[in-house]
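As structure tokens, here come the structures.
Look for chain A in each of the two complexes below; its partner is chain B in the first and chain C in the second.
And now, the complex of A and B:
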């Protein structure tokens, strides 16, 4: 376990002492802020409209109309950013020829895999925490700015949504790490991971185009569908099992890929 | 050597084709195309294997291949176990609704209804997956399905499956969800938990109910498949568990005991006093009736109706605006309904009543019956009393619209002797043509008629489920606040993070 933590720390150290993490955070907040500001504007416009049209007032809710789309957009962002964070996890070691060093060290492959993975997940954890600033800002203003009802947003739903976002980034990181373990080229790793994650995200399109059992399978495959559940405020074992499965599978395959070097 | 090289190129091409076939699959191309690509990839792999047989053989015997085999087996095992785990949670679902108002939890009434299901109920929803209501509806169905193994549902894309749209007679603007149990069905339009649960209650409770159609006065016949017959609506009626039967009042001293309601489909010869008395006694004991009257016909029921606070005027409705809808001016179009009535709640379709008779709701008589208008003509309509005049126009003494074309009446019969129910219900329409084969498919005519019959034949009270919504919240931001939020999120936050990165980078570089 100590070894795992040591490797994770080393990975985090690399992320935070190079501009890569900050650049990612900056791009993320910039994109999210545009989405956030857009939905916020729309919501406050609707709030005004509700004065003349009380029928819509009943359906207005900041959690549904601002936080929900924010979480879903965060899911899209994961698809595009995780490949660039995961690409170097193992491929970089291979390119710099430090991989052999790692393999001859007293570290077990399991420790290498877990350590590197934890480092990658931690950085996404920080990203999700930063993204949580948006609902916090909303709460700050919504709480004071004369809201009907309780004021502000529903924190349980919001936190569950962001937890779902974290699970999705963890699953994406596990898949990205596996792809990274297959190649020594970071570019190839990033592109292939991006393709895989994109397919996972868009599998629900396939569900729309098919019907019957096939459509059900595609819906199950779709990372998007499972994130919707969390974002709506429902904690469903199915959604949890989906993301955990990808994490376990990604870690197992990475482990086998690293072991393979001993045998090749 | 050259052959070997070509084989390798084919092998790589095979890999690319195999990978791209997943995309082909996801974008929803025909399955044959996907299978074709996979077969082509297989062919390329085979070519590769044959041309490079020597190399393959050498690596197959190495330790690496043994390891690869073990890993592949292990991976299969892990995938199998994970698949099993996912399958189990899919079929034994468990979820927790963490929202404050429990908006994703079914109401106790719905749960009780679902738990009581003994036979399979199938729901057909005529919605394409791109429509805005699709997501919410499929989520609702999913929750019902998770509760009861007898609840099955299917989405039918109206664009991809026009055959079934035709088969079920689904129309734009009409109800698009059909709940079926065996041959019985119920439809609803407003997409809500309340409608769905009530539809299930209806199909499970509707032991077939009998509706008696009076005969002997030239009424429209439900066996007549011609334009003036009622065979079309009766077909839909039977689907909803309402069975038609004939009743000759001249031969019957009273309405049969098993009558859920009677239908008088526009008599052209008057009811004899004895016959109308049978109807009166039936209604006063809590009976239900749908009465349709035609203009310029004495039905013999006028006195009876007046006792129930409805007066049928001797005139024909003329509405010039109907021409805008492509109809003749003697076919008034109705757009205004009583939203408080169960029959027309959420009913938004137009209806047409060819050659109709204006009705009046009476007040202040001795009768305790409560009459209220159900469908009103447009303001442009009037009741023409002289159709023989060379020019049809509204004369001074002729009544102008809007006036009722259909009226509902209820009468409390809790204290009646030999009562059939606690409340008599009556639907009076100043027209019979709207339900006939010729006009039933016009606009919402058929749905309107069936809603009326369903109201009469309703045994169970409708379950009311208040939709659960999140607590409503509103947000009024001053321009200053708005600018503040924008500044904070779009400007400060990303720039700070970017600055932090730059600083770290420069500090590291200078070391």
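And now, the complex of A and C:
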């Protein structure tokens, strides 16, 4: 366990001494602000209309109209940002020849895998926490505006949505780490994981174009579908199982890839 | 302390080392010699548990490298050919990381880092980012990493390469101190034969993956007598190039000066390399430096390095 923590600490140390973590946080905040402002604008226009049309007021809900699309957009962001965080995890060690240090230190391959994964997941955890600032801002301003305590957002739904986002980042990180363990080129690692994650995200499109069993499989494979559940505030074990399976698979395959070095 | 039996490592059909066997006692300092590409690095990687061998066995500190790798790695410090450094970390955090993964108790961690930093004279750059350090500092940070926790076995792959003369002397002194403590068994690969004469008790020479000779320095000297006592350099050349054809072929046209006993190590190093020279004709101007150096001009060679 101590070794796992030591490696995770080292990964975070490198993420934060190089610009990569800061660049990612900055880009994310910028994009999310833009999207957030857009949804907020649409919502405020609709609520003006609601003044004259009480039917609209019935389904006017800040959580559904701002937080939900924000979480889904966050899911797209994960597709594009995680490959650039995961690409260096193992490929860089190989290129830099520091892999030799890890492999000749008294470390088990499983400790190397878990430590690196923990470092990667921690940075995505920080990103999700930063993203949580947006619903917090909403709460801050909308909370007092509501009439009779109806203001603000539904925190249970919001937190579940962000938890789903964190699960999706973790699954993406596990897959990205596996791809990174297959090459010593960070560029190759980033491109391949980006493609894989994009396919996972867009699998539901394939589901729409097909029917029968194939459609169902595609739907099940779609990362987007499973995130929707969380974002809607519905906790389904199937969705949790989906993300956990990818995490376990990614970690297992990375472990195999590192273990293979001891034999080849 | 180290027991190697019939060690073979093949990459597809090419054998990097073949049937290598030798034994070292505790406190032995071994000079590991051989031309570039002879299999020195491969042997060291196998002993350090980085590469698996194709066949044969290796035991370090009583543990089999393949069966109980963790036990071996706990007792071993390894400096690869290219120091395994994270350029984005500071020296201090890098050494801390190394100490942690080598299982040094958190209580003595700080003291141990300070100790190795002082020994390798990197204590004045602990706060600096590794990417900004000079080559000499990087090499010494790599060395600090290897000796952290005082492992009983040290494997150093060309620890003095790329250092300036003063730094070479410093590293040599450091290895000598480690050797003098008698607690370390050290395998040291180098091209600088003078270093071997100064530091090592035993010498192992390999060529094309095969053992050429393994003995104490005195043993080698007593077996190779040629009217007078030969220097290690002369012995090395005899072992690697018994007929002398490798040395003299590319030197054609230049003065075939005999190796003087006090010639610096550089000349000996270049001798086996020059075997790769493609034609016996006088070398073109571009390769001039290398050709001249191969018959005894150490300064040129040292500069080219």
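Convention: the second predicted complex is superposed on the first by the 260 of 264 C-alpha atoms of A that agree within 3 Å, B and C clash if a C-alpha of one lies under 4 Å from a C-alpha of the other, contacts with A are read in each partner's own complex, and residues count from 1 in each chain.
In the analysis below, contacts are C-beta pairs under 8 Å (C-beta built on N, C-alpha and C of every residue); 3 or more make two chains touch, one makes a residue touch a chain.
These numbers were taken from a predicted model, which means no experiment stands behind them.
Asks: Fit or clash for chain B plus chain C once both are placed on chain A?
Replies: Fit: chain B and chain C sit side by side once superposed on chain A.
Asks: Vertex at chain A, arms to chain B and chain C: angle between C-alpha centres to the nearest 10°?
Replies: So the angle at the centre of chain A is 150 degrees.
Asks: Look at A:137 in the shared chain and tell me whether it touches chain B only, chain C only, both, or neither; answer first, second, both or neither.
Replies: After superposing on A, A:137 lies in contact with chain B but is clear of chain C.
Asks: Which partner does A:47 contact after superposing on A: first (chain B), second (chain C), both, neither?
Replies: Touch partner of A:47: chain B, not chain C.
Asks: Check the residue A:30 against both partner chains and state whether it touches chain B (first), chain C (second), both, or neither.
Replies: Only chain B is touched by A:30; chain C is not.
Asks: So in the superposed three-chain picture, is A:2 touching just chain B, just chain C, both, or none of them (first/second/both/neither)?
Replies: second
Asks: Just chain B (first), just chain C (second), both, or neither: which does A:22 touch?
Replies: first
Asks: Scan A:259 for contacts with chain B and chain C and give back first, second, both or neither.
Replies: first
Asks: Does chain C touch more residues of chain A than chain B does, or is it the other way round?
Replies: It is B that touches the greater number of chain A residues.
Asks: Looking at the overlay, what does A:98 touch: chain B (first), chain C (second), both, or neither?
Replies: After superposing on A, A:98 lies in contact with chain C but is clear of chain B.
Asks: For A:14 in the superposed arrangement: first (chain B), second (chain C), both or neither?
Replies: second
Asks: So in the superposed three-chain picture, is A:107 touching just chain B, just chain C, both, or none of them (first/second/both/neither)?
Replies: It touches chain C, and chain B stays clear.
Asks: Closest pair of CA atoms, one in chain B and one in chain C, after superposing: how far apart in Å?
Replies: 5
Asks: State which residues of chain A lie in both footprints, the one left by chain B and the one left by chain C.
Replies: Residues common to the chain A contacts of chain C and of chain B are 17-18, 263-264, listed in rising order.
Asks: Of all residues in chain B, which touch chain A in the complex?
Replies: 22-23, 25-28, 63-64, 66-68, 71, 74-75, 78-79, 82, 85-86, 89-90, 93-100, 103-104, 129-130, 155, 157, 469-478, 481-482, 484-486, 488-490, 493-495, 497-498, 500-502, 504-505, 508
Asks: Can you check the complex and tell me which residues of chain A touch chain B?
Replies: Checking each residue of chain A against chain B gives 16-23, 25-27, 29-30, 32-34, 36-37, 40-41, 43-44, 47-48, 50, 57-64, 130, 133-134, 137, 141-142, 145-154, 156-157, 160, 199, 202-203, 205-211, 218, 220, 229, 232-238, 241-242, 245, 248-249, 252-253, 256, 259-260, 263-264.
Asks: Can you check the complex and tell me which residues of chain C touch chain A?
Replies: Answer in residue numbers: 45, 48-50, 52, 69-70, 73-74, 76, 78, 80, 82, 84-90, 93, 97-98, 100-103, 129, 145.
Asks: Using the touch rule from the top, collect the residues of chain A that touch chain C in their complex.
Replies: The contact residues of chain A facing chain C are 2-3, 6-7, 9-10, 13-14, 17-18, 96-108, 262-264.
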